[in-house]
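Following this line, the structures themselves.
Consider the two complexes below, in which chain A is the common component and chain B and chain C are the respective partners.
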Partner chain A sequence: MSERPSPISNDVTALRAMIGKRKRGDRLFSFTGAAFIVLSLSVLGALMVKLVFDGTHRLLETHDVRADGQTPGYRDAVGILSAAGPAGTLPAGFEVQGDAIDLRGDSDDMDLAPLVGRLVGLKGDRPHPGNLLMSVVSAEPIEPLPPGETRPGDPDIVGKIIKAPRGHRTAFQLVPEPLRILSGPEVKNLESLAGQRVAAAGRWGGATGTIKASRVELLRNETFFTSGTSKNASEAGIWPGLIGTLLVTTITMLMAVPLGVAAGIYLEEYAPKNRVTAVIEINIANLAGVPSIIWGLLGLGLFIYGLGLGRTSITAGLTLGLLVLPIVIIATREAIRAVPNAIREAAIGLGATQWQTVRYHVIPYSMSGILTGSIIALSRAIGETAPLVCVGAVIFMTGTPGLNSAFTVMPMQIFDWVSRPQREFHANAAAASLILVMVTLALNGSAIYIRYHLRKKIKW
Partner chain B sequence: MVTTQAIHSPTDDAHVFTPTGPLKAAVRDFSFSYGSFKALKNINLPIAEKKVTALIGPSGCGKSTLLRSFNRMHDLYANNRYEGEIRLFPEGINLVGKDLEPIEIRMRCSMVFQKPNPFPKSIYENVAYGMRVRGVKNKTLVAERIEYALRAAALWDEVKDRLHSSANALSGGQQQRLCIARALATEPEILLMDEPTAALDPMSTSRIEDLVTELEKTVTIIIVTHNMHQAARISAYTAFMYLGDLIEFNETEKIFTNPAKKMTESYITGRFG
Partner chain C sequence: MTQIDTPLNLPAATTIKFERDARTRRGDYVEKLIEIVLFLAGFSSVAITLGIVGMLVWESLPFFRQVGLSKFLLDLQWTPLLGQPHYGIWGLLSGTITTTLVALFVAIPVGTICAIWLSEYCSARLREIIKPVLELLSAVPTVVYGYFALLFVTPILQALLNPVLQTLGWDPLPGFNMLSAGFVMGIMIIPYVASLSEDAMRSVPMALREGSFAMGATRFQTSWNVVVPSALSGITAAYILGVARAIGETMIVAIAAGNMAGFQFNPLREGQTITAYIVGISKGDLPHGSLEYRTIFAAGLTLLVLTLFFNVGGYLIRKRYREAYT
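Up next is the complex of A and B:
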């Protein structure tokens, strides 16, 4: 076309061409959007696959020897190897090296004399499975250390057991009960061990040899859920962290939800709309973005130094309660704002008081939003670590945390485990992460369910 | 409450006309402003008892503002100021008096809004709400009142078998009649209707209009409408308002056949508005 076309063309072909060009934006955007969703889903998937891959065997393949009942439990045993030979004899191939075994104990003034002449169970270090009994020829305590000094090497050693000299096989006896197989990431399939010769070589005083496994039996093991911190990855568990997390989250919920919902309702329904409330509103929005460590410092200053609540679950719960309070307030206000003014006018117009309007209309109709916001706030609280470090969450914990005692939470334990060099601890961290993720997913799932369930009933 | 309104306001000769029957309410020298915007200027308007009074006028003329003042709906929002009085007879209390509890007013003058606004609850609970807020516990009494109100709103036959299903399942016209039933359940002295048919189709509109004519026998009604034919059909008296002024008030027939003001004539003949 030589002449200048009219600015508005009615040429159908040209219009069609233009539509194609204009729709390029749609195509580009929907493609990018879909690509980003696929990307984020695959990152999420990769995370879950890694956690499951690293963590499941710690959750599923570790079993409790106590189900056996007869033997002193080695809590990290995963199965039983029945010895092929008769009890009381050392199977062929066993050889004794070395002559002294370090005896570990909890106290320095342990009386070792009664051990002489008795059979003592010895546990091997992983990855070498099995245990042996041996008769003690003599035992002598190590000189207790003066307070404040530490012994080079293993600080738990309290004495030495002197066994029969090398070559005296009678000094060793095979345990009459089945041998234990200790857990570890490398023990994947115990059934395959049945009938095999399994190396029972241990570092327990240097005894080496092999025994034949004729029967393999899987045992249940709940150590991971029932035990606390341990130096052995296979004996470590999440119990204190799990209970601590539940306690702290409960306190957080009891504090943040009533306060936050009440504050949200007051600000939205009752407070006059003026400069003061505008400033408060901006500040609440800002508080929701304050780094969590700052809240930890506030908790330290306010609850520990100010109110003297100590480094306890209560302090932790209150600190996290403060942290999520702005989130609950904002969620409540958003939910309340979604209730149309027409509903308020309808109720007020019939002579309802403001509280009657709020109590019977505004709160019920915004309940799904309020609950969703509260649950999302709680799942944020569950994952927080930094503020709890400030208010004294402990890393080494074996007992059950109470309301008014020292506490730890699962993220702290995960952080502890993942910072250790041993690979087994990383498996623990993965398993604990898996549980933490599941708890969060369950909470968010319930939020979605509640929202769906409550919204079904309410339409505007 | 003496006001200092301009003497040459067009409202000056508007209150020359007074209805013949007894009065239910009277607006006297009433002014209203949203912040600095004056929405109503020195309004004087008598409301005849058990008659329909229609407020007409183009958008922004202040007719809804005036209607909502009868119910103190403006107290819900900040920056609203009003002066003058709205007397409710026979006692002669001032509806907009600062010392009068707005909740009392709202229980005595019920409002029906432009858009149907049933609560997202059952039909039963919607109608019962006026009694609930009064603390009426007697179930038989509540059930009786609900049937009375639904019959009065010409909705009973359509919903009597599903009183406990959600009000949201009703059609728009039914919802509006439900809102009327809700307002009637507590036997208000005045029924305030703010363009009650603006969001409805012609069929529903005509049902509501029939309903208003029927209700006129028992309750005083003030209705705001954009639809001049509607005002002509259902009201006994009509007030024409423009930009916050009451231009003309008279019997509906007079307004539509022989308006005294040029402006009224222009509006009802569709030349502006």
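Up next is the complex of A and C:
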């Protein structure tokens, strides 16, 4: 140990050095602390940037869907129907405008430059790097064929051409636009389709853009928000999850808020100070710390096999209701505890019964705290995944989930998408995560705002 | 005959009865009824706890009867789905312990330093803003953190660590690893550690700090030598509650840590925690009553016992320190 200068000594420089060292240490820590806070918060920033970077494009993209909501298969032409034969008959021919360009045939000397950025299909070998740069959207046929069978016209790769030198020779046949559409019920009344975006099956009629159609179907333009899960990443969306989350959290809140507020009122206003109350109090503190997955097991054992409610939205809502109950109870108790006793004494002094005191004085004054707690509980319920895996949230869902039917929620879809090896699905996960994070941060932000604002406003 | 109507001029038989009207009487019943309803609501939490414990014990009892407690606690392998099944909880527990330790390695230093800074250095105004924003870190859905761990943190760790691992002659960091899952989990529990520690530090009486300042100590010396030791029980409670949080965390490890159960504590490897196992198995369709179905309840019971131990410990320590200065 080095010899330290005695504080009593008259050696002023040594003393100054010691004080300076201590002050530097202080400043260093002040800096470190602030840096750690900034670092922790920057993780949140990095998370948001990553999600925006990976997922935003999925929120903006659209894709074609058949009238029955199914993913369309490959077709010969996609376009806007400009003329159609009489109702009930198949057209002798109709014009296809716009998107469909006849690119088939010998494309050896084709000028690819105008196609840059557009979705095309390629038939042939995979492009040699440098010849034709493509960002491959999908490398597999969207409508799988039986093994060994090929269908003329089906592209081997569908993607966007990023770069194509003018007049470059390629070993590829180009196939028109997103050649994937329909095979469902026939649309009889073609006149009603005039001007609509349709897909047609039939024989391609050459550069004029006319085709002999054997089948025509109306296409719907879908977005990430309006479509269900799909084997094809670019056609998958969060509709079932969105509705499922809405249903499940509604049930959750309907259960947790009344029960939690009632329990909080009992513990603060009615409960005698005895052993039973003490047990309930420790118990609630513990329940708040029970891992979420355990609640899922409770839901599985109690609601599904015990009460026979099945793997439904109701089961999920009740399970999450139990999960967030401690949050609501604790928030309610804190809010009620902040109401000064003078309020209660005044009410009782005027002849109010205990319930009247609670109903007309204590609850209104603690409303903001209860609201804050409920919002926090809601945000927790929206993001919760693990317990819902246990109570059977499904992975693949195209329709809209109902109350008493199979369900899925947004976090479950994210979990599924992120667990898949394909990068395209990761983009979906990022897009859905972005929505989820925005919602939870907005809820938490509003809770913070309410708490902060009312604390400033109410002065006892 | 005129009769002057005075209150005293009453027939002898009349007695004054304070008869409470029907409304008030009904009110009495309602009052009692409300109290009973509220009591039931309050008691529901106890019922829920009993339900959880009862459920886990009831569903896992056949498992323990069939496999045996000694095999469950002493076997080091967890391979319930193989032809030669092993049911040693250590195969999963080792993953839980490893990820939890990594998480604490991140959360304890960062959380404590943040707490000291917030409590001792930061102005009250700034603290009012920073604390809730910091708490947003634990509001992010864990499945989103899972995405972040798998697709952001892991690639960065791979880029940073793989050259080092290569020169050491070790295997490169796999795409699923406990290090990245534990790291992100640590970030998630920073607010718990920081917030609870900061509460503990701020409840240290001002007089102790003033005494230290009067002796010429700097803020850092005061924080480190006076405030932190005084608030140690509260800080410990914060750490313990952080441990409980990390043990129970599910989605981050289920997504980013892989699903290979094995008795090993190397965070650079794939691993499976108790929670990740339950999620992984639940994703499939398990026949009700099968031994595989029972395993998730046995694993859940282990998890509950572990977290209960840490939660009760944290609660008791916190309660004690709260009483220390009030």
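Miscellaneous remarks
Following the convention adopted for this analysis, the second predicted complex is superposed on the first by the 251 of 460 C-alpha atoms of A that agree within 3 Å, B and C clash if a C-alpha of one lies under 4 Å from a C-alpha of the other, contacts with A are read in each partner's own complex, and residues count from 1 in each chain.
As a working rule, contacts are C-beta pairs under 8 Å (C-beta built on N, C-alpha and C of every residue); 3 or more make two chains touch, one makes a residue touch a chain.
Note that the structure is predicted; figures quoted are calculated from it, not measured.
On the superposed chain A, the two partners chain B and chain C both fit, without a clash. In the superposition on chain A, A:T353 makes contact with both chain B and chain C. Legend: residue contacts after superposition of the two complexes on their common chain; A:I382 is shown touching chain C, with no touch to chain B. Legend: residue contacts after superposition of the two complexes on their common chain; A:T56 is shown touching neither chain B nor chain C. Here chain B and chain C are compared by how many residues of chain A each touches, and C touches more. Contact with chain C, but none with chain B, is seen for A:C390 once the two complexes are overlaid on the shared chain.
In the superposition on chain A, contact is made by A:T440 with chain C only, not with chain B. When both complexes are overlaid on chain A, the residue A:E345 reaches chain B alone and has no touch with chain C.
By the document's definition of touching, of the two partners only chain B reaches A:P272; chain C does not. Between chain B and chain C in the chain A overlay, the least Cα distance found is 11 Å. Touched by chain B in one complex and by chain C in the other are residues 353 of chain A.
The touching residues of chain B, when paired with chain A in their complex, are 71, 73, 76, 78, 103-104, 106-107, 110-111, 113, 115, 117-120, 129-130, 132-134, 166, 168, 179, 182-183, 186.
Residue ranges of chain A in contact with chain B, taken from their complex: 272-274, 340, 342-353, 356, 360-361, 365, 457-460. Within the complex, the chain A residues that touch chain C are 22-23, 25-26, 29-30, 32-34, 36-37, 39-41, 43-44, 46-47, 50-51, 54, 259-260, 262-263, 265-267, 270-271, 279-280, 282-287, 289-298, 300-302, 305-306, 322, 325-326, 329, 353-355, 379, 382-386, 389-390, 392, 395, 411, 414-415, 418-419, 426, 429-430, 433, 436-437, 440-441, 444-445, 448, 452. On the chain C side of its complex with chain A, the touching residues are 27, 30-31, 34-35, 37-39, 41-46, 48-49, 51-52, 55-56, 58-59, 110, 113-114, 116-118, 121, 128, 130, 132-137, 139-148, 150-152, 187, 190, 218-221, 223, 241, 244-245, 247-251, 254-255, 275, 278-279, 282-283, 288, 296-297, 300, 303-304, 307-308, 310-312, 314-315.
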